[in-house]
Amino acid sequence: MNQVEETLRQEVAKLLEDGTIDVFVGHEAASLPLRTSPCFVRSPKEVDRLVWNRICTSNLATYLPQLFKRPVGLKAEWTPPKVGVVAKGCDSRSIVGLIKEKQIPRDRLFIIGVGCEGMIDRHSVGRALGVVGLADAKVDGNSVQVIGTDGEEKRIDIADVLAASCRECQHREAVLSNLTVGEAPSSAPEVSHYANVGEFETKSSQERWEHWVGELSRCIRCYACRQACPNCYCEECFAEETAPKWLGVTTDLSDVFVFHLGRAFHQAGRCVDCGACVAACPQGIDLRLLNQKINKDVEELFEAQASLSLEEAQALSSFRMEDDQSFMTEP
Amino acid sequence: MTKEINEKMSGNGWEPRIVAFLCNWCSYAGADLAGVSRIQYPPNVRVIRVPCSGRINPLFIVKALQAGADGVLVSGCHPGDCHYISGNLYARRKFALLKSLLEYVGIEPQRVHFSWVSAAEGARFAEILGKVIDSVRSVGPANRMIKRFKEVA
Amino acid sequence: MLEITLDKSKVQEFLRLLGQSRRLFAPVKDRMGTKFSEVADPSLVCLDGLNTNLSPKEVVFPQWETLYTFKEDQANEVKLAAQETLLFGARPCDARALELLDRVFTWEGIDDPYYLRRREKTCVVALACNTPGEACFCSSVGGSPVGEVGADALAFDLGEQLYLRALTERGEALLKEASTLIEKATEEDKQAVQQAVAEAEKQLQPIPIPEDLAALKESFDAEIWEDLGQKCLGCGTCTYVCPTCHCFDITDETKKGVGRRVRSWDSCAFSLFTLHGSGHNPRITQAARYRQRVLHKFLYCPENFGEAFCVGCGRCITNCPAGLDLRAVLERLASLAKVG
Amino acid sequence: MVNMDQTTNPYMPYPVRIDQITIENEARDLKTFKVTFLDPEHEKAFKHIPGQFAELSMFGKGESPIGIASSPTEEGFLLFTVKKTGVVTGELHNLTEGRVIGVRGPLGKSYPIDRMKGKNVVIVGGGFAFTTLRALTKYMIDGGNRDDFGEITVIYGARSPGELLYKKELKEWEARDDLKTYITVDKGDENWKGREGFVPTVLEEVAPSSKDALLAVCGPPIMIKFTLPVIKKLGFSPSDTILSLEMRMKCGIGKCGRCNIGSKYVCKDGPVFTLEELDVLPNEY
């Protein structure tokens, strides 16, 4: 057990014991190698379920709004619970966004910030090592050791299998927390921001279209990207609305485009590039290339990044008189 | 339908179809003024009146393209003139991002246009519309993202 | 029935030959491992992946299809024809899943013409598994890595060659079509297969399955569902990658008075799946929806069809974005049953 | 290829023409559609029994499962009473007489008519859930059928006089002496001279005997909740208490997996269930 994990468990046990929180949302080991699962701890006795490692990929903010919803059909008086959560930089930004959008109450939330050096993308591990199925995997220090279902053992540097979002992450510490655990992370690497978007923008219109045709024809409309996203908390998504009906329930390319354009655009000025949608996609679609385009534009045009503080309004909830309008058509 | 598409594809007799979302207070009145003033503007446009450019859900534009519009024009009040004070300024941010995003996924930028037209600017409306139509014409009939029913003759 | 061998170097030729008069679906390489695809070029076929990331159910039950078209008030039936199809290299779990789907789409004498038109024209050549995948548990749910159910022929990878055994008339006819490429299996081949069977079956560790339906019924109000429901994200991944999940939606699409009625996959995990027009929703919590998926497979289907609708392919496990593991759920349910 | 034959394709609707539209209530969100088949062959093929439903089809909008309100004894047409709730029913409400829609059915299980024969029958309905109960009542009193059944008691209530369905018909029923009809409203208005009170209360007052009797009840969930204890008190056994359920449906033929309650599918095992059958199903409806 690492130091952070140990401290985290102790702190959570304390918080549950003294009644500061009723439930703690963290990560626990999952049955498959290189996987974790969200974990809801309600008693100090259960804190040993909590883990902290390089595969705590889920953005736990996604799980928070449901905890503050009044149980359906409950007649009795109900007080929302006091909820603790462990937050990487990205989780914390999503939490900030949810607080600003009034989906979760700040005063009933206890955030334990943990510095993050980046999470492993399990698909990258398989791909990099050419392993079809993982029988076992172990993370030690800066490398991952895996055993394939064929019994072969291989090792790779974590740096080579980090999730794409993590490679470019500039906010490795929680931007909002009640407590931080562990040491401050090493400073963010000097990487060119939005390199993927910049490169993609240089392609011709035809090439870009063809790329998205290829990418989006993989989509099976399972909505894993949406469900894993902390920003997608709508009771009824535009994709499923029937009046008006925005798009058909098919994998006809046109419908898939409308869905993904709509989904990405609803994240405009709100996306924190946590990578949850990419990690969730069972078809390995590079949705980040879409999301990051908007993030790049938001940063360049409006000098804004989503959810860095509780005070600043999100980019599309604000404006400046002198905002760029060079894109507009003049006679 | 197929015939129509074929005609469009071959470019013979093809005329761009433009959907224009115009705000009630300025641009719609501007378009109206153009008509009343007998300023000639091309008949390729289907106007949808909306209360404010801020009302325009980006999905309207995406949906118009899916439904087969060759081009889309969105027009509202000039900055500072919004009937609802700042609807157009919020809208401007949305449109800046949407235009860029559509271009990014391979929708020709010549198809999607935003403009400011006041109630007094009938001539400006006609000019902008002419420009939009020229721009759409330059890239030909829309082909990408249109929903087609193959099995429906 | 016919037993033959096919030299591995001739597999491409074999598939090219058979593919001349039919659509060929086979696994090809994909960024997520392998996937079933309609293959024009047999050199792309990849038989050494384990389970494909998505199941081959879409060959007979596509993600969406047009039921019929209409013009204003007039419906026009679409021609229900389907091409001869060869599904090659489906693992025994997936082949068995087709047999389960057959039961739904012919249930109580009501035939689903859209499903059956494809199913009846689909010849399934299954490929037995030598090694199990990371989440495989077919042998615990009544299947086998070398199972024959649902397949017209079963292939074994013997290293240098494929051994193929016809299981149905259709399978036999198919193999005979390639008579110039195949050889009659020798006693040695058959022994090698027997050894492979023994090896394969040995490798899978059995997991506890809740088979006592009465006890499973009792689990309806158990706490386990709350626990699982809070983790479940409510996406449709597990249902869409599942080879036996078959729930669908019917929606209309229209443009200027013409349109089509479409059926498309749907998922019991979606919150709107059971929402009534009145606003009432019988499965309002994710816990209830997660329970529906598990109990539908392991309680309701056994009651209705005599068998659980799970073939142990493990796709819902490897693909779950929340890391939920059906095997662990089954284990908990089985232990609940014991305690209860 | 134009082939509207439902016998080979259970997803194909029969075309029917709307011949008459009756607005049933003041809020105008309840309308009864009288439809006739365009093709007499279809009419022959469509053999329904009270309690069954059909999928009404609005091309371009979708389908909606609606109970059949007419009795098979009423030949030449079908009746559907539809509340305007969603996209399909909303569009249906916009239609005028003469328009063609689709009907797919009959679907589901009916009321147990055979079991009811020779017995007393109690009908308890509330609000606009009275539709298939109308079909049942009509069936029992029509033509030569009346003698097949014992005493028939109909208790029907709605929120207000304006919300009562089939007002004209109810008057006729009240006038008959081979039918005990009790109409009630939660709250009357200045013109209302009838009974006031909730359905369960009226049922308790009327207190029909449960001896040799079956009872069919349909209504909003809240009414069912308060009526079931009364039914029990009157001595109706769960196997003699019959309910009709509502559930979101799509295919209507037990394929699409949407309407199950436990292992039962409301579309094909229901919508009519006995209380005994429901008691063993999970409480998920």
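Letters A, B, C and D mark the chains as written, and numbering starts fresh at 1 in each.
We adopt the following convention: a residue touches a chain if its C-beta (ideal position, glycine included) is under 8 Å from a C-beta of that chain, and two chains touch if they have at least 3 such contacts.
The structure presented is a predicted model; accordingly, all values stated were derived computationally and were not measured.
Minimum number of contact steps separating chain B from chain C: 1. Among the other chains, D has the CA centre that is most remote from the centre of chain A. Each of A-C and A-D has its own count of C-beta contacts, and the greater count is at A-C. With centres defined as mean CA coordinates, chain C is found 31 Å away from chain A. The mean-CA centres of chain B and chain D are about 50 angstrom from one another, to the nearest whole unit. Remark: chain C and chain D have CA centroids separated by 39 Å (rounded to whole angstrom).
For chain A, the set of residues touching two or more other chains reads 248, 252. The residues of chain C that reach two or more other chains are 249, 251, 253, 259, 266, listed in rising order. For chain D, the set of residues that touch two or more other chains comprises 86.
All chain pairs that touch, listed by label, are A-B, A-C, A-D, B-C, C-D.
Those residues of chain C that touch chain A in the complex are listed here as 31-33, 48-50, 53-54, 63-64, 131-135, 227, 230-231, 233-237, 239-241, 249, 251, 253, 262, 264-267, 270-272, 284-286, 317-319, 321-325, 327-328. Contact residues of chain A toward chain B in the complex are 200-201, 205-213, 238, 246-248, 252-255, 257-258, 261-262, 264-265, 268-269, 290, 293-294, 297-298, 301-302, 315-317, 319-321, 323-325, 327-331. The touching residues of chain B, when paired with chain A in their complex, are 58-59, 62-63, 66, 73, 79-80, 86, 89-90, 92-109, 113-116, 124, 127-128, 131-132, 135, 144-148. The touching residues of chain A, counted against chain D in their complex, run 242-243, 245.
Across the interface of their complex, chain C is touched by residues 1, 67, 147, 149, 151-152 of chain B.
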